[in-house]
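The same chain A turns up in both complexes below, where it pairs with chain B and then with chain C.
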Partner chain A sequence: MFRATLTVCGGGIAKRLFSSFSGESALPSNLRLPPNLIGVPREKRAFPASTDLPVLRRCEADIPAHLAPVQTWLQSLESRHSEPLGVVDLHPDVFSVPVRLDILHAVEVWQRNFKRISYAKVKSRAEVSGGGRKPWKQKGSGRARHGSIRSPIWRGGGVAHGPRGPTSYYYMLPMKVRVQGLKIALTSKLAQDYLHIVDSLEIPTPDPHYLQDLAKHRQWGDSVLIVDVGEEFPQNILQATESLKTINIIPAIGLNVHSMLKHESLVLTLEAVKFLEKKLLWHDTRFTPLYPFKLPYSDLP
Partner chain B sequence: MAAPFRSVFMTLSPGGLIRSGIAAPAGSVANARACLRSEHSSTGGRGVDESVDEYKYVERLVPPSRIPSPPKHEGSAPSGWTPPPETPPSLPYMIRRSRMHNVPVYSDIKHGNQKSTLVRKVEGDVWALNKDVKEFLQQLTGRETATQVNEVTGTVRIKGHFEKELKAWLIQRGF
Partner chain C sequence: MASFGTLLKSGVSLLRCVRQFSTGTCSLVRMHAIPKLKQVDRWTEKRSMFGVYDNIGILGDFKAHPKDLITGPAWLRGFRGNELQRLTRKKRMVGDRMMTEDRHNLEKRISFLYRRFNRYGKHR
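Moving on to the complex of A and B:
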């Protein structure tokens, strides 16, 4: 199944990345679309010019003098047809970093493998029972010489170089690499128009069809990841997402690169954006740890 | 924000009240005496002094986690450090300061004899910076210097040790 992305470029494009992700105004001339193409090309809402609309949220942290905040629409989940409420500012050092695909790949591979323990184990010739005695004498029997019936060349013998015992594939990437991976994932989502900012997660009904309908109408994609800060979520959205496989809700501390790549679209609340900016920007101006950050420092938590 | 937990300093006094040797404001001492006296009377024989005031001496030793921004200097500081200007220069590229507010130029040596200088944290047009660096070093040394540009990471590696000169040049250009 293919989906063609048609983007209508607006005024704020200078701030966005023109990498291999975002398409030009027309599809490339050498693109051949199959005749049985499913799905409507996504039409991106034209980006607002930064001057006329009031900005509903400014960044708390200082922005470097040579950068300007990235802007995006603020939406609401109240009704299917509700228009965007306004424009919000996002910090460029979190939502507009250079997209390093190698770092993204490294973090994704790390997330898959660091928890892996492979339990495969096979018996070697020492562990297979039997095989202590020389089967026949060395010379004179006319048969090949052997020392034990469980050597690897024998049927039923041990394995010479098999997997040995539970092996752990644990390793840790540097903290700053993992943080950069998160920033790159957020940047990619924003650049590909798969990031949606929402004021709160209040929905009118606990019906899962409402959310699916909303996501389909707003062209959010096949799967949506909803992120909010805190331990309590509104009951409606919890019930709605409980039975759905493709729309999931997680707290902001659970945000990770694998989930962001697995789900097509990412929905953040304003508090989640504030939390992420605060946490991810701290790594840019922190000292190297004298002792683990779990222990108290004078300005943490 | 101060650490959330406070430890309690207990001084056992055999049969009487022992003031802590550290001076405290008169009001708190009076209150401390009042509550100590009541404690002493309730516990009976041995009095136990509870005081959390001394924890401030521990709190002031706990280090911060965030690098502070440097104090304002006009021109260069006595150590030779120059603060970054308020407005960035109007060039097609931008070189940020490191987290310790220094110019990100580093010298490297491999296999004992291969010397190179690395300029990191370049944003914008890296090739324009490469051109400017080559021109500057041409004037400095009189011959062409080999450079390697990495667009993905935003770095320029120059053959030879030119750390001091490049740092001074970048500061003079306004980074």
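Moving on to the complex of A and C:
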């Protein structure tokens, strides 16, 4: 169908290499696949060549002169076999940043741990009931000397250095690190062909099988995360994703690195792309906060 | 002939060298079969929606902070500290609502930790 072409993402370390011969798979020669692997290797659709296709969406923010916007297909959820509608531009400072795996790891670990409160608690020797009296006199009984029956060396005694009380593991990463983590996750999804831009979330039926079929036919992967801006979603897609476990829909405010790593592919609407670009690019050129951002600033909306 | 018989008998008793008793103990963990792996559903509601709204500050105009998402004891939301700091915070925030025994244990523990951190050891 499409002849694969050689394409390089502008300005970033994340690069996509396709074989320049039609029909050849683009797997590296030293790849060892397990013999019990199920599934068809994904055919990579040709990346749009930037010559003659009309660009349906340009970036609102200014792009630095030395960078070029990344381009990707705009798809539609209307029918299973619908062709891509065209090509959209994505800002390179959000979708084509150098992929720092250590930042991604740090953000993922932060997401796992900052909410964690461990409720493990054991009683110390002071809290275990009893054990106030000396069990036998110090000298003369022939037994070892003891002061209480609840000391840690006794059976039924308290624990000397056990977990104490609800412990919280809260910490915050710097805001720009979290923002960079989001950008890197988006870049990786795009670079690995797991990012799909969609014009809107209208689907013809509220049937969950339709979405599953669509995802399977278009080789989106086992799990799909659908992101849109705003509080209202079309009823059809809400009903379809309600019963599905691996296809989930979230508002754009809820986007985060853990969900992007958990779900295999990411589907963004055009409004979601605009929203994310606006929110994530602001941190590149902002001043350092004199007071927390939740208090009013004159120039912040 | 008799010597042959005794030799044979001693030979046979030497061959039957298996003990009729055991000199060891058995393991406390008794398993009659390989245990089945526990089936973990990786796509429950909680697991698939984990981490959503963690970036509510940076993506949501800073009206909320991720520490507002934490559910837990009131004295531990958005706070991290060592045991003494946690206990003194608990006493400040929740102390007057506590039951007498718990409060007494809390105060005992606070005074023990205060003395341990500030009077003994290398770091005081």
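Criterion: the second predicted complex is superposed on the first by the 268 of 301 C-alpha atoms of A that agree within 3 Å, B and C clash if a C-alpha of one lies under 4 Å from a C-alpha of the other, contacts with A are read in each partner's own complex, and residues count from 1 in each chain.
Note that a contact is a pair of C-beta atoms (placed from the backbone, for glycine too) under 8 Å apart; a residue touches a chain by one contact, two chains touch by 3 or more.
Just so it is clear, the structure is predicted and the values come from calculations on it, not from any experiment.
Engineer: After the superposition on A, what does A:Ser76 contact: first (chain B), second (chain C), both or neither?
Structural biologist: Neither chain B nor chain C is touched by A:Ser76.
Engineer: Does the superposition put A:Lys245 against chain B (first), chain C (second), both, or neither?
Structural biologist: second
Engineer: Go through the superposed model and pick first if A:Phe293 touches only chain B, second if only chain C, both, or neither.
Structural biologist: A:Phe293 contacts both chain B and chain C.
Engineer: A:Ser259 contacts which: chain B (first), chain C (second), both, neither?
Structural biologist: After superposing on A, A:Ser259 lies in contact with chain C but is clear of chain B.
Engineer: Tell me which touches more residues of chain A here: chain C or chain B.
Structural biologist: With both complexes superposed on chain A, more residues of chain A are touched by C.
Engineer: If you stack the two complexes on chain A, which partner ends up touching A:Arg100: first (chain B), second (chain C), both, or neither?
Structural biologist: first
Engineer: With both complexes overlaid on chain A, does A:Ser200 touch chain B (first), chain C (second), both or neither?
Structural biologist: Neither partner.
Engineer: Does chain B (first) or chain C (second) touch A:Ser151, or do both, or does neither?
Structural biologist: The answer is neither, since A:Ser151 touches no partner chain.
Engineer: Touch check for A:Pro301: first (chain B), second (chain C), both, or neither?
Structural biologist: In the superposed model, A:Pro301 contacts both chain B and chain C.
Engineer: Common interface residues of chain A with chain B and chain C?
Structural biologist: In the superposed arrangement, which is not itself an observed complex, chain A uses residues 293, 301 for both chain B and chain C.
Engineer: How about chain A: which of its residues touch chain C in the complex?
Structural biologist: Interface residues on chain A, with respect to chain C: 111-112, 114-115, 117, 124, 126-127, 164-172, 175, 178-179, 182, 223, 245-246, 248, 250, 252-259, 262-263, 275-276, 279-280, 283, 292-294, 301.
Engineer: Would you mind writing out the residues of chain A in touch with chain B in their complex?
Structural biologist: So the residues of chain A in touch with chain B come to 64-66, 98, 100, 102, 282, 284-287, 289-290, 293, 296-301.
Engineer: Can you check the complex and tell me which residues of chain B touch chain A?
Structural biologist: Chain B reaches chain A through residues 1-5, 59, 62-67, 86-88, 94, 96, 99, 123, 152-154.
Engineer: In the complex, go through chain C and note every residue touching chain A.
Structural biologist: 43-44, 47-63, 65-67, 69-70, 72-73, 76-80, 83, 86-87, 105, 108-109, 112
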